[in-house]
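A quick write-up on the structure given underneath.
Every chain is named by a letter (A, B and C) in the order it is written, and numbering of its residues begins at 1.
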């Protein structure tokens, strides 16, 4: 077993143990907070596959979360499906939407794609309000409540499964193809990698994750309305991604923690401070440390080598 | 028929606002190669500054001019401090950076002025002018006028002044420009300053209509993107024509097809963006980019 | 007499690759100096080292003032006009605008400057409003030259002016260069693959090989040199 694989596995096992025991030591309220961290982690895993690994910028991932969230909500509220069963369905619907978006999105590169996804995220709440019959319009849909501990274990088991799945996929030739496309599309094409196939696949995979995360959001807040998934969610996901590090799946945990806890703690300074600090952090990270937390880690690692 | 022309004129007013912000986006894109996602928030911040000046008793047009000057300086400073260090870095880094600025500036606006919605005075009366059986709002006409004057002044600047020429040169060919002695870095900063001022014009024209609040320009930014994309991201003419056309189009659609009224305008803007990017990505006035392998 | 431009042990690199390994040369006031050499010898890099568009080290001075730390913009302001390989005209801007840009470093009004320069290039005068990109290759080369002259430079650096142009056009360009040098005392540092042309135009020549100076001396001497004749003149 290679050293890297051993380290990763050991790290994973330790982390899994910590996650498993944590609720014993913290209050129910904190358990909910950490459940949310798990949910953001799932979303970031997907976004990382798309942006970090296949190099496609999406500023609209919140919209795919919304698709997943509304799918679950509609199934639960209108059709009485048991919530946990809706999670994979939400993922599939969102994943399908991702594939559907990914195909025409092939024509858009870099800035244009960022622009288009930004527009989707800004316009989405309006769409949710419009199709009142399904979405409950502004009033939204109300779902069943659960205990915080249950939500915690639900989101983290899914997060763990998602991480393992992600690692698995990226270790296969699919992952290599993603990386090749990100680093140099022209070179990848000449090696016979079809950008159309892999880029669309990346969109599908990442929105699958986003849909699941959105579904978890719906279940954990027990309520969904157009304001549940605003443009700021998409933007904060990008913040979390950048801070955690592009191309680092474990780094996404750092990002998820940031998204969840920064607003709470910075709010001690002032109600608006969190946003200013998030923005400042993002600008600072991009200026000084474009690799994010993972980049910092790699920097430290490489400086230790002789 | 009267209603048609009324909607056209008020559509031109919205269009003028979109065109100003779109032109700001295009100037930055042409010179720095960056889409400044924070352009809307910069405009909002400037408009709040204007509100503060007005609140302190300065009358409208002096406050307007003062705000433009401050916005210009802010844009220049922003380019030099935050954008210059990331020149040449990958697209993603710069996109995320401007998103960071968006978040930061929006937060700062809320922090300084709070989230409450405010009234912003208009320099134009809201009395209508009657032409035949149609009633046109003076305010609408005034907005179109201000936006067109701003655009015209900028056009004159670019075509007839030495600095304008330097900026255009730096935008199309920075390496060559350096060889003739153009300080390319400062030209880019100038571009950002002009864009910030244009954004401020857009903000101050729209605030009386939609009321001033920190999230005021988010929708406008979407329409500005749509206008810039429609006209072609590289084309200043395109941004202006695109903006005016978009304003009229969305207004007429909203009037005659009730599904497109109210908030669905945003979806309309989105549809324009997606349609243009998929059918003719270079827009109406853009040039097709040759992809060198 | 102190030289106008002096290079001493100049090194230059593109990223990790070193292109110049210690080049020394000098251009006197009103002198035409030719830089010869095979592809990749470092001729273009030498010009770039002077104009500051490549990372360089070593002594570079213009009339005694050091240029080593100056940005390209500052080098232009100091009076050096660099016409790069491939003309480098601003294709989207009109001929007139290209010329106006050439005069960027000049302060004050430009009375008659445009006329003065266009007198050398009547073909350009006819096309004054056209976008530079619509001009033929020869006309673009003339425009690049005209633009450089608008700055009234002390030193003109030309990179491969004859590249891709018809012989008649090349001849007229070199005739203009000779006139400028003789009538106005313009100093020229000329990079040319066409050795015959270079030797005719220049008083002094340097032959570069793999990033350093292999031969240097009066053009007439070098032209008669056996190895030069075989390698660069083809006989």
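The rule we apply is simple: a residue touches a chain if its C-beta (ideal position, glycine included) is under 8 Å from a C-beta of that chain, and two chains touch if they have at least 3 such contacts.
Everything numeric here is computed off the predicted structure, so don't read it as measured data.
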Chain ID, smallest distance between chain and overall C-alpha centroids: B
Centroid comparison with chain B (C-alpha atoms), farthest chain: C
Averaged-CA centre spacing for the pair chain C and chain B, given as whole angstrom: 43
Distance from the mean Cα position of chain B to that of chain A, given in whole angstrom: 31
Gap in Å, rounded to a whole number, between the CA centres of chain C and chain A: 56
Residues of chain B defined as touching chain C within the complex: 162, 165-166, 168-169, 172-173, 175-184
Touching residues on chain C, where the partner in the complex is chain B: 51, 53, 71-73, 76-77, 81-82, 84, 88-93, 97, 100-102, 104-105, 147, 151
Residues of chain B that touch chain A when the two form their complex: 35, 37, 82, 85-86, 89, 91-97, 99-108, 110-111, 115, 218-219, 221-222, 225-226, 229, 259, 263-264, 266-267, 269-270, 273-274, 277-278, 281, 293
Partner chain B, residues of chain A touching it in the complex: 51, 55, 57, 59, 104, 107-108, 110-112, 114-116, 118-120, 122-123, 126-127, 129-130, 186, 231-232, 235-236, 238-239, 242, 246, 270, 272-283, 285-287, 290
